[in-house]
Amino acid sequence: MATKEEITEFLASAFPQNKSIVEQVGNASATVIHPVGFDELRPGGTVSGPVMMTVADVALYVAILGEIGIVPLTVTTSLNINFLRKPSADRSIVGVCKLLKLGRTLAIGEVSIYSQGVAEPVAHAVGTYAIPPGSR
Amino acid sequence: MATKEEITEFLASAFPQNKSIVEQVGNASATVIHPVGFDELRPGGTVSGPVMMTVADVALYVAILGEIGIVPLTVTTSLNINFLRKPSADRSIVGVCKLLKLGRTLAIGEVSIYSQGVAEPVAHAVGTYAIPPGSR
Amino acid sequence: MATKEEITEFLASAFPQNKSIVEQVGNASATVIHPVGFDELRPGGTVSGPVMMTVADVALYVAILGEIGIVPLTVTTSLNINFLRKPSADRSIVGVCKLLKLGRTLAIGEVSIYSQGVAEPVAHAVGTYAIPPGSR
Amino acid sequence: MATKEEITEFLASAFPQNKSIVEQVGNASATVIHPVGFDELRPGGTVSGPVMMTVADVALYVAILGEIGIVPLTVTTSLNINFLRKPSADRSIVGVCKLLKLGRTLAIGEVSIYSQGVAEPVAHAVGTYAIPPGSR
């Protein structure tokens, strides 16, 4: 298992492009927060779809690392996302992941995605990661 | 209907963050190319999942605009992606979209994603866009 | 809005092939139970995938009808399902749906699928229904 | 590898409930045909969603068995389906599967689903099967 600090440090060194901040991790779950600025917006004053996909992907990755420890080569094998409501252009995007299954070589989780401080989700994703054999 | 030049110009002005280049559009299809550099890589010497999701999203958007003209508020409602093989770290990512259905308010398409010059796809996506009522 | 009794009666008359029993409906949610017998099993002593897909589809339909009333032409537009664990061959399949969004013409919900009496889900689905314009 | 005859015989003995007929198998592809009668219809004079999901699932299974031989415990791990057009109530449902990837323990394929004799697809699915380790 990896702590919030260990995962934050790992992301900073291995994924320097990553903008998501780890807010919580543990108990087969994770919460990450992605600030929204110029790079994240699209026409209509809303957050772009790929930003929300990225948040879903990172939230899943963090929840899994929280359970299995730092295994960098754990990779996404599938992601399914539904966009539910227009996100706010001036609020961070929050991803809340709950793992549905953590097997030896496969992990599946769902991620609810919010505009920070707004109750109803803006998107919902389900994703699968492959865990390298022998790493747990 | 919008041409390759019109869509390229629209993307440049409305999505200045976009890196994908429109290679082909028309006949309910589109091909876009996304260069791969530091920002696109992740541990293990491979292209990050969100880059491929972004390419799938843009390829779909371009294919739809090619049919319905420039309708900026056409937005993604769902995306499902499967990652099939490890992309090359030193090749651009190419997305080839074919629309499966173009309705009045909904468009669905599939996108095959490649490392440029490699025959087997690295990912496959299916996505849905909502078209604002009255725009076609 | 439709009650459990109204939906049960409607399913019996309009979907005579349906085997799922409505256990609960209301508050943007529904629970349905599908008995498991010869028709539902497959090699390996487990419940077939299509049975679980059917339960997901029916649970969503019931949750939506519970909110919008009996609108028979409400139809599935997409379904994504992940199979998590082997279901028990001698327990009913239970589908618990929570709606994520109920718009004027589109509803999205997630469904957790269980072998009755077992805590961990055997599958998880997310589906979308189109509601005929003007029916709400 | 398994032939059309071997797969047909296997389905008849292991899945006696199966109604899909194997029309073609080989070259990482398969075509199956499912007759449409009372059991397959739903209100509005159309084929029920679960029938199309079943056809997608069987077409994938047949395409995989065609490549790896009869491995009964190969099981679906995910399925994503989009419904595109209303199927005809008086035509069989045809599923045409092409495998996107055939790995040692995972196979992914896409399935186009038609009302027999109609050019435009009624649905499109992408699914994943897990192949038991050691079986290929």
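Quick notes on this one:
By written order: A, B, C and D. Residues from 1 in each chain.
Assume a residue touches a chain if its C-beta (ideal position, glycine included) is under 8 Å from a C-beta of that chain, and two chains touch if they have at least 3 such contacts.
Small disclaimer: the values here were computed from a predicted structure and weren't measured.
Set side by side, the interfaces A-C and B-C show unequal numbers of C-beta pairs in contact, with more at A-C.
The chain with its C-alpha centre at the largest distance from the centre of chain A is D. Chain D has its Cα centroid 22 Å from the Cα centroid of chain C.
A separation of 28 Å divides the Cα centre of chain A from that of chain C.
For the pair chain B and chain C, the distance between C-alpha centroids works out to 33 Å.
Shared contact sites, meaning residues of chain C that touch two or more other chains, fall at 77-78, 80, 82, 128.
Looking at the complex, you find that chain B touches chain A at residues 14-15, 17, 38-39, 42-44, 46, 48-50, 53-54, 57, 72-73, 75-83. Those residues of chain C lying in contact with chain A across their complex are 80, 82, 84-85, 100-101, 108, 110, 121, 124, 126, 128. Touching chain B in their complex are the following residues of chain C: 77-78, 80, 106, 128.
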